[in-house]
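What follows is a single structure, written as C-alpha cells, with notes after it.
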Amino acid sequence: MVYITRREHFNAAHKLFKEDWSDQKNMEIFGKCSNPNWHGHNYDLFVTVKGEPNPTTGFVIDLKKLSKLINVLVIDKLDHKNLNLDVDFMKGRMASTEVLAIAIWEQIAPALKLEGSELHSVKLYETENNYVEYFG
Amino acid sequence: MVYITRREHFNAAHKLFKEDWSDQKNMEIFGKCSNPNWHGHNYDLFVTVKGEPNPTTGFVIDLKKLSKLINVLVIDKLDHKNLNLDVDFMKGRMASTEVLAIAIWEQIAPALKLEGSELHSVKLYETENNYVEYFG
Amino acid sequence: MVYITRREHFNAAHKLFKEDWSDQKNMEIFGKCSNPNWHGHNYDLFVTVKGEPNPTTGFVIDLKKLSKLINVLVIDKLDHKNLNLDVDFMKGRMASTEVLAIAIWEQIAPALKLEGSELHSVKLYETENNYVEYFG
Amino acid sequence: MVYITRREHFNAAHKLFKEDWSDQKNMEIFGKCSNPNWHGHNYDLFVTVKGEPNPTTGFVIDLKKLSKLINVLVIDKLDHKNLNLDVDFMKGRMASTEVLAIAIWEQIAPALKLEGSELHSVKLYETENNYVEYFG
Amino acid sequence: MVYITRREHFNAAHKLFKEDWSDQKNMEIFGKCSNPNWHGHNYDLFVTVKGEPNPTTGFVIDLKKLSKLINVLVIDKLDHKNLNLDVDFMKGRMASTEVLAIAIWEQIAPALKLEGSELHSVKLYETENNYVEYFG
Amino acid sequence: MVYITRREHFNAAHKLFKEDWSDQKNMEIFGKCSNPNWHGHNYDLFVTVKGEPNPTTGFVIDLKKLSKLINVLVIDKLDHKNLNLDVDFMKGRMASTEVLAIAIWEQIAPALKLEGSELHSVKLYETENNYVEYFG
C-alpha cells in the first residue's frame, strides 16, 4: 500500500460566530476570530489517497486527475470565497478548520470511490502554526 | 551599515472593489478578488531597519522594541480585521498589496525616526506566490 | 475523530555528553554534539490533540487554550534555556531530541487529560533535517 | 516507541515513458512527464526509523550512521543521475514517485535490520505539491 | 516606486557539459553536474516588476497578466523540458543558473516594456541552497 | 553583472551578555537572551558573490569552491560551537547577529578577492523571524 498526497491552495474569508449569540459572547468564546467584518486565510490543503501502484503506469492515482477532482469539487467553491456565506457544503456549519476538513472529506471521498480510489486523509493548514487532519 | 529585519504576521479579509463600479466591471478588472462577500489571506510582513550596530549592545535596533512598535502601529490594527472596513489608515484606499505596503511604511517610518532609527524597507507577502517591496 | 495540531517554538542550548565519560569518549560517541561549551538549536514543536469537534463551537480544542498550556508547561521552561542545566523535567536525562520529545509528552499529556482532551502526538524538529515523533 | 526522521536530498532526471508505446500514447497517459528528452526534480527524502531510545545515549539511532547508510545505499546512486538509465535498482521499473519510494525502502530496510534498527517509513517529495509515503 | 514579485515554477533536466571536451574534462570542471545522462531540478522563478501603483486599481501590474506573460514566454518553454535540447532561447548556451537567469530576463523584459511595465529583477532558485539574481 | 548565492548552516550556542554588568542589568538590556547558561540557534547563512559569468563555464563562481571556502573559513569554526567562547574571530565582540554577520564578511571577503571574486552580501538568519544583511 502506497500513500500519495497532492497539495492545493485556496484563499478565503470567514468568521467564527454564532448568530444567536451577542457580539460580546462571540468575543468571549471565539476572540478576535469573531470579528463581525470577517478576516481570512491562505489555506493549504493536502489530500492523501492510498492504494497499490498500477503495474503499467506506476501510479496509485494520476495526480492530474486527482488535482482536477479536488479543484472541481472543493477549490472552485472555496477559493476567493466567504466560507460562511458562499459555500453550499458549509451552509449552517461552523467555519472552523475542523469542520471544514470534515466537509472537504465528504465532498471528495465519494467521488474518489466512484473512480476506484480510496481517500486516506485530508490535512488542512489554516496558518503555518495550526492544521487539522481527518481520516473519515 | 547593517540591515536588520523582523517578520510579523496578520490574517485579514479584503476585496479589490470600486464602489462606483458595477459588480460586472469589478469582476472584469479584479477577477475573483472582487468577490463582494470578501476573501482573505495570511499576510507575512518583513520590516527592515538600517543603521550601525551600537558598540555596547551590538544592536542596530532592539528587536523586541521593533516588534512592539510594529505590533502597536500596524499588526493590532490589521490582524483578524477587514482591510476595507476596519482599518483607519486604509480608509478610502484600494486594499491591494502595493497600497497596503505603502500605508504600513507611512505608519512605521515616522515612529522609527522618533526612536532614532531609519526604516529601510517594508516587504509584504500576500501569498507564497506574490509579494511587494517598498523603500519609501 | 479529528486531529488538530499547534506549532510552538523555542531556542535552547544543549550538549550530548555523559559526565562520567572522558571528553574523548564523548567525542567518539556524540561527535561535535558533545562540545563541552555547548551548541544550540531553534526547536519547532508540533503538539497534536485528537477528539470530536464540539457541536457548538466546531472546536476539538480551543487553540488559544492549547497554546497557553504548552507555553506554561514547556515553552517557558525551555525557551532561551540550557536543556542540560536549566530545565527541571530534563534533570539527569540525556538532552537528545528523542528524550526531550518524551519529556514534553509527560509534561503535557496529564494536563490535557484534566482539561478533557487527549494528546495524540508530540513532534519535535531539532533542525530542518531531523525530527522525532512520540505517541505515548 | 519513538520515531526519528532524517531528511536527505537528491536531484535527478527522469521521464514517465513506456518504450513499447508510441510517443503519442505516452503523451496521452503521462502528459508532459513523458517528454522523450527528460525533465527532472529536486527530490526530498524523509526516512523514519522507530525504536526505543538507548538508555545510555538517548538515541533511537545515531543520525550520522543513518545519514551515511542512506547516502551509500540510495543517495549516491540517485543524485545527479537519470532514474531511468543510471540506477541499478530502478532498472525495468517505472520511474514514478510511488515506485521509487518502494525501491528506496527495499534498499534501506534490510541494511537497517542488520544494524538492529527498524525502518518505519519512506516519504518522498517530488515537488512541493506532491509526495508519496510507503510503510513496507 | 513599488516592487512587486510573482513566483512561478518549472521542472527541467539539464547538464553542465561542453561537447568539445572529453567526459573526463567535463567531470573535472563540472563534477557530477556533467553526468552525460542528465539530471534535473525543480526551479523556482521570481520575477520582479517596479512602478507606481495605478491610482484607480492600486496595481503596479495586474499579477494575472504578469503570470500569463511569464508562462507564455518562459514557463511553457522550460517546464518538463531539457534545458540543453528543447529550449530555443538556450540553444548554444551553457545551461547554468546564471546563464538561464539572463536568458529569462531577455525573454521577459522587452514584452513587459511593450506593456508599459519595467522589469526589475529575475531571481532563479536551482535548489534551496543556491540561487541567482539578475538586474539587466 | 549576476549575483549568485550559496546557503550554508550552522548550529551554535551564545548569549548576549556584558561581563562587566550585573546579571540584573544584562537582563534589563538583553532580556532572556542574557541567560548565563546560554541558549542557541540554527543559523542560516546566505553568501552572495557578484560578477560576470565566465563565457566558457557559465559560472560567476564555482559553487563547490564557494561552499568549501565558506565551510573552511567560517562554518567549521561556528558549527556546534559556542559563539562567545569557541570562535577566534568573535573574541571580545558581542555575539549579536549584526556583529556576527560583519565578522563573517571579514573572514570571507579577502579570501574571495584572492580568488578573483567579489563578495556582495552576507545574510544571516538567527530565527525564521529575524535576519541581518551586510554589504561591507
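Things worth noting here:
Every chain is named by a letter (A, B, C, D, E and F) in the order it is written, and numbering of its residues begins at 1.
Going forward, contacts are C-beta pairs under 8 Å (C-beta built on N, C-alpha and C of every residue); 3 or more make two chains touch, one makes a residue touch a chain.
Everything numeric in this text was worked out from a predicted model, so none of it was measured.
Traced through touching neighbours, the fewest hops from chain C to chain F number 1. Common partners of chain A and chain C, by the touch rule above, are D. In summary, the chains found to touch both chain C and chain E are D, F. Listed candidates were A-C, B-F or A-B; the one reproducing the C-F interface, defined as more than half of contact pairs identical by residue number, is A-B. If you lay the C-alpha trace of chain D over that of chain F, the rotation comes to 180 degrees, to the nearest 5.
Centres computed as Cα averages put chain E at a distance of 29 Å from chain F. Counting partners per residue, chain C has 128 as the residues that reach two or more other chains.
Pairs of chains that satisfy the touch definition comprise A-B, A-C, A-D, B-E, B-F, C-D, C-F, D-E, E-F.
Across the interface of their complex, chain C is touched by residues 9, 11-14, 32-33, 35, 37-42, 79-82, 85-86, 127-128 of chain F.
The residues of chain E lying in touch with chain F in their complex are 16, 18, 29-31, 93-99, 101-102, 128-135.
Residue ranges of chain C in contact with chain A, taken from their complex: 1-8, 48, 53, 56-60, 63-64.
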